[in-house]
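Letters A, B and C name the chains as they come in the text, with residue numbers starting at 1 for each one.
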């Protein structure tokens, strides 16, 4: 069976500067994969290529075995690849349910007009939040009222709304406190339990060890190896990144 | 903070709130930022206050909808009379009719007439324009080249320009070298300065006289000419309006300002208040003051021979 | 419990504080100015605010997409002289009305294209377009106002009375209802809001943000065209500077509106209440006999006070490139 997402020899260079070269990566359906490396290792370049924000300069990307080339993040979203950005890309002053359905609103017929189906969007929002075990009774509240963990939940609900098969999360626990980090890790486990495939980029080895099945390590724009997290500790990962050697 | 501001504004309004019973006069000036409008309105306000009247002075800021709205507000305020300076009776026909049916007497100054108003106090702009044009031609001995500084955005200045054209069409030895049409902007002085400076340079040596559609333009041109080192008497510079600054420049040994046709704006303001006093307070018939829709007042040509001393008027 | 009710009170004041201020202004003038409360005078106030209310709604729609439209007053004047010229020339008044609307919409779209295609910030772009509109208005008229006794059907659009109410009040209510419906019930309206609230997020979610900005500025232009028709009909005249004075007052209405209902955001209901406050002050101050400069001072204070409460969105829009 083909992997859900498979990258072959993906590279990105800006003139003479090589940001990424010869990356091979396979992510199976239902897997939770981590991506780690130092600053400048090429993590965010790779993420942007997968999310459709940046075209690769070399290599091939396949989704479900079919070659794909995303023209924009919106195009990637339509193919089932949803990216949750570090700043979460929410509209803080608008309601939770509006954010969840941003750009993909439900409509209802009203005579010859098609109007926003707010009742349905509110109900489905509550349903998505319940699926993630998030207690947020009022989906009409503005996102600015929410905690960091709750905002992350809203962003994940958006991916659920799109029926995303692959959710890419960029530094989901950065800038969060201990309790909120734990909440977000719980969200990721919940998402995984529902069969969603997840790719997480993070600096935080502890978090990666806690939620992923395996981790892909990058250094200086190259993939130095993969490591199953069941058998590794955060210190092991940090050591591999520092030394550039994956046993 | 917000509440504080609101209280302050409230207090200011209350302090200004007047007592009842006195004759209530509303004065609407079409554009207080225009000096001539302000001269009429301020003189009328002073005259009315001297009579012990209650005066509300309003400024339409040159905008028709505001002008109409202020008339409506004064009608609501049940004033006894309204004085309109440089207004637009045709455009505000509906409001003036409303005032008439509410028993409010409306008198206008330099606005034009309306079936709903008492009469209009005017100088005859055609005559004013002809005085200025003929004076300039006389200075040139009816030959030579002139530069014009025009303004088409105002009825009065436009009429003066048209009358000048008519006068020139009968006196073909005087040629228009060039003319600058002033743009209607807040920085019109810069526009006149830039436009006329360019024309003065372009026609250097061939200019025998300069005509400006109103004194404000002439002052700017005067400054440009002085900056070019020209001395008094070198070129006649003629315009229209009259006022303390125009008189001062005509007296000034370094200014090139030669003559203006002085329109008695202050006198029109006080005459309006006097007329309202007789008609509204003393209940005299309107025909005691004037027959017909216009009360014409004379404009005076002012040059070095009759220029009044500082603070004095030529009438 | 006590803290909860305190927070609720604060939230209530944030939402309705300025609306309560409007009630206070009303009560004050009702008590202080003897003719304020007459039905005739209240109708006058409602009629007078209709222009700035409709223009304000247009400005608020552009600002919803985080774009400033500083051209609406001059565009209104231009559309007014064009409409006036056609009616005055004896053309069918329906044609004149269409021409006024079309000119407003065209200049609004021109603003939108300059902003979205040429990437000129709207603060600059709309000032430039304002100058262009002003130039055309003078080109058509040569500075002379167009005045006349016009077709009574056309004049009715601005001066008529329907169901006992001045027709201008009904037009304003219709414009407000339409704008509210568009913003709150349609997908495009929500996308316009997303574009202004979080442009990057909206684009990432597949919303055509540039088209939304074009739409916001286009609607502001259309509001200017509609206002021009009402203004021309109601004054039975048109001048190239007819609407210049509305620039500040309509923006002030929107800014006042941003201090209430949806605090910090341009909104239709707030704009109506803001226009009402400005209208009541203009009328009430005259009834009290206050001289003209007091009105200017009060208007200035209102603008400063309301911007100090709701500045963030406006500065974001003003300096957004």
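We adopt the following convention: a residue touches a chain if its C-beta (ideal position, glycine included) is under 8 Å from a C-beta of that chain, and two chains touch if they have at least 3 such contacts.
As the structure is a computational prediction, the values presented were derived from the model and not from experiment.
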{"item": "Closest chain to the centre of mass proxy, which here is the mean CA position", "value": "C"}
{"item": "Greatest separation from chain B - chain, by CA centre", "value": "A"}
{"item": "For chain A paired with chain C, centre-to-centre distance based on mean C-alpha positions, whole Å", "value": "43"}
{"item": "Centre distance in Å when chain A and chain B are each reduced to the mean of their C-alpha atoms", "value": "72"}
{"item": "Whole-Å separation of chain centres (CA-atom averages), chain B against chain C", "value": "33"}
{"item": "In the complex with chain C, residue positions of chain B that touch it", "value": "1-2, 5-6, 8-10, 12-14, 16-18, 24, 26, 29, 32, 54-59, 61-66, 68-70, 72-74, 76-78, 88, 90-94, 152-154, 158, 184"}
{"item": "Interface residues, chain C side, partner chain A - complex", "value": "184-187, 190-191, 193-194, 197-198, 200-207, 264-265"}
{"item": "Contact footprint of chain B on chain C as seen in their complex", "value": "17, 21, 24, 28, 32-33, 35-36, 38, 40-41, 44, 47-48, 51, 138, 142-145, 147, 159, 231, 234-237, 239-246, 282-283, 285-294, 297-298, 301, 304-305, 308-309"}
{"item": "Interfacial residue positions of chain A with respect to chain C in the complex", "value": "72-74, 77-78, 83, 85, 89-94, 98, 102-105, 107, 113-116, 158"}
